[in-house]
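My questions will all concern the structure given below.
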Amino acid sequence: MSTSDTPIIQTVGACQEYKLPRTSLFGQRPVLHALKEVDFYAMEGESVGIVGESGAGKSTLTRILVGMEKPTAGSFKFKDRDVWSSDEEFKHEFRRSVQMVLQNPRSSFDPRMTIAQSLLQPLKGLKIGGDHQARIHQVLDQVGLGKDSLKKYPYEFSGGQLQRVAIARALIPDPKILIADEPVSALDVSIQAQVLNLLNDLVKDLNLTLILITHDLSVVSYVTSRVAIMVDGKIVETGSPKSLFQNPQSAIAKSFVDSVLTVGKGIEGESLFENV
Amino acid sequence: MDNFALKVEDLVVYLDDLIAVRGVSFVINKGERWGLVGESGAGKSLTALAIMGLLQDGWKTSGAVLHDGMNLLQASDKTLSARRGRTMSMVFQDPTTALNPVAKVGKQITWILRHHMHVTQKDAYEQSLVLLNKMNLPRPESIMDSYPHQLSGGQRQRIMIAMALACYPELIIADEPTTALDVTVQKQVLRLLDAAVTERNCGLLLITHDLPVIAAMCENVAVMYGGRIVETGKISDVFTNPRHPYTKGLLASQPTLDNIDLDGGTRLPSIRGSVPPLYAMPDGCAFAERCDFATQKCKELPELDNQIQRVACWNPVAEARKGA
Amino acid sequence: MSEMMQSVKNSLKRPRKKSRLPLIVGASITLVMVIIGVISMFWIPQDVNVSDPSIRMLPIGTPHHLFGTDFLGRDVTSMLMTGVRTSVIIGASAAFLSLFIGTLFGMLAASISKLDEPIMRTADIFMAMPGIIFALVLASTIGAGYVTTIFALTSFFTPAFVRVTRASSMRVLSEDYISVARLYGRSRLFITFRHVLPNVSSILIVQFTIYFAAGVLSEAGLSFLGVGINRPSVSLGMMLHEAVEQIGITDPLGVWPGLGIVILVIGLNLLGDGLRDYFDPRFSQRVR
């Protein structure tokens, strides 16, 4: 449900290059083109997926979207303003509005800090005022965790619970955009469902814009309404999950769809069970 | 000679006072394919390691693992080594760490053939090339001459499978063989494994948390939860009419494309709660606290019943067979 | 439950908790030595440098001279107490200075990539210098003594601390919560001292005890060779140096300082081992 015509976040012609270590004593260092002229966008309130294999450029694009890296060419806009060339005040608004949830919940938290201390970090770092304790209790409630979580250390939580804490932490600055990088890949299947449902609920209740990065097509189809498929630093195809599955155009999309295994079908796509 | 490739009887695996595998029993006959399904903490990897004799120091076992005429749990290292790689082999999850990084691939494969089958270096080389060809690896000579890090993940996994097949084992144990691979490569590798197992008529024990993979590769399945097998039977029965509430919940919570409403708006059923940690495992049914059908009786540990599709549950899901 | 499970359950052992004994013993020994050293700053039975040939070579157990006297009539007990003090001070100082400088540069090398190469190559240069020769040169130019010895030992140990800190810091910096902290606008300083340092501290504490022991041993070696501590200061190594000259004439003189060194170093090593065990399984124990 978009409330305006311009995307809330977008990259236009974004390129990202990394200099690789020297291979010879003289001459230029080799360059890795991680992103090649990528036009990506998300409208307010939309859930968009970015799908690709490892090395496709998803992580690089994620780092640009979150403001961690500046593209070597092209522009990156938030609310239709170029982020990197704007003033400190706008940059600050951007940082508060875009939050991230990462793949490995264990690595996302300082093992020496309690959950309470970890949840305080965004409030302190982004200089958010107001009643900190109340805000912390509020986000814990939103993800379905109790206040007794606050005194605990990360090692006392299971992977799924810790990922919820990560989502809670991302919600603290009251962001407009949530970027989830493989949020369920490291979790057990029965827990994946819990977390995906939570993300869906939050998107609806808080009118969040969700950008979900994953290699798993089935996951993306449960949560997003539009998917961009990346290969080799480029977006090669976009479309709704439905159209992508039923009618993949690019080679990589075809191989993605082809590689999906479902319980009812065998390796060659043959139907396995008679009475399903 | 036994009829079975592997017979596990009441296997218990524990470390000090933590019991990770709580009495697991199953039989794999020659040529049969079994899937061992469970999530993390269920004890499936430990089961595989216990069978192969690869448990880390401190872990102890109890019960019996019968293979090739003996109980592997009580066999000496020497006897085990004679069987590992020959009558029984394993494919590990991460091909990067499973292959020796400082030895060329050729050396690793030929070593197995020479050690177990006592062939000459020349014959071993020839046989290795044949194996690699079967794995659809192009230019096998150059692969034999490469180091593992020069190859892709999919190639490495295929090499591992080739190594597992080399001596025509009675049983291959594959522990999450495709989890670490890129999605587009997974199916290819599975296809290869499938063809190879069929051709050599070996038994297969496929261990994974990935239900569709098991469905595609195996005919029989054992579902593990909390260190025990809670349901077992033919896949065509268990996956279409699961009797254990956990199996049912697991199947329903898969984000698959089968039953998804691609226009959006579906809610994934999930299993509430999480797996109890090893040190807080209840005496009764480990799934009870997450189960919608739990009753007082569930405080007592249920055993597998004696139907064809066996379940260890006091309140199994009522049969709803079509046309029953 | 099956019979098998039942019998296993009956035979279960409680987890063998790693014995705290090394930690306790090590800490006690170290503490005792430090206390002896502290006491010696305020009181020793006799002045260590007053020679009184009339009471030379008294055996142990003589009243007023518990450990006897040496070949010049100086009280061995007093020398031992002072010697322990010297060894502790030098070992601790060298270890502490190396810890301080090494941690600083190690964290710098890990956080700021432009500084990484210069710092590590400098550390390599220091590591390449043979310690004894360096101490010899220092002793002959500046003169031997407390400061020189501490300086020599610190230069010797610091590169190791730089390496350990750098490696541990890099491991911590590669974790996701560091990226998250950066996204929250945390300064490099904050990340270094509030995220990196606490997470490498346990490794550093253990390293400190190891190098404390190394410092005691090295000082003993240097003083034994004559390029460390010399009279009027007294150290255990220096006592060995003097005792060597008396071998064949008055043998037992070397035993006490030697024992002192051995006990102190064993105590520190046990302490280091105990601390390592104390820190290690705690956070990874239940996360299996």
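Order of writing sets the labels: A, B and C. Residues in every chain begin at 1.
As a working rule, contacts are C-beta pairs under 8 Å (C-beta built on N, C-alpha and C of every residue); 3 or more make two chains touch, one makes a residue touch a chain.
Not measured: the values here are computed from a predicted model.
Using CA-based centroids throughout, the chain positioned farthest away from chain B is C. Counted by C-beta pairs in contact, the busier of A-B and B-C is A-B.
For the pair chain A and chain C, the distance between C-alpha centroids works out to 48 Å. With centres defined as mean CA coordinates, chain B is found 32 Å away from chain A. Centre-to-centre spacing of chain B and chain C amounts to 50 Å, using the average Cα coordinate of each chain. Counting partners per residue, chain C has 286 as the residues that reach two or more other chains.
Shared contact sites, meaning residues of chain B that touch two or more other chains, fall at 277. For chain C in complex with chain B, the touching residues are 1-2, 4-5, 7-9, 12-16, 286, 288.
Those residues of chain B that touch chain C in the shared complex are 10, 12, 14, 16-19, 22-23, 62-63, 277-279, 301, 303. On chain A, the positions that touch chain C within their shared complex are 66-68, 92, 95, 100, 102, 104, 107-112, 118, 121-122, 124-127, 153, 155-156. Per the touch definition, chain C reaches chain A in the complex via residues 175-177, 179-186, 195, 198-199, 283-284, 286-287. Chain B makes touch with chain A in their complex at residues 39-40, 182-187, 190-191, 194, 209-213, 215-217, 235-236, 239-240, 249-251, 253-258, 260, 262-264, 266-272, 274-275, 277, 321-323.
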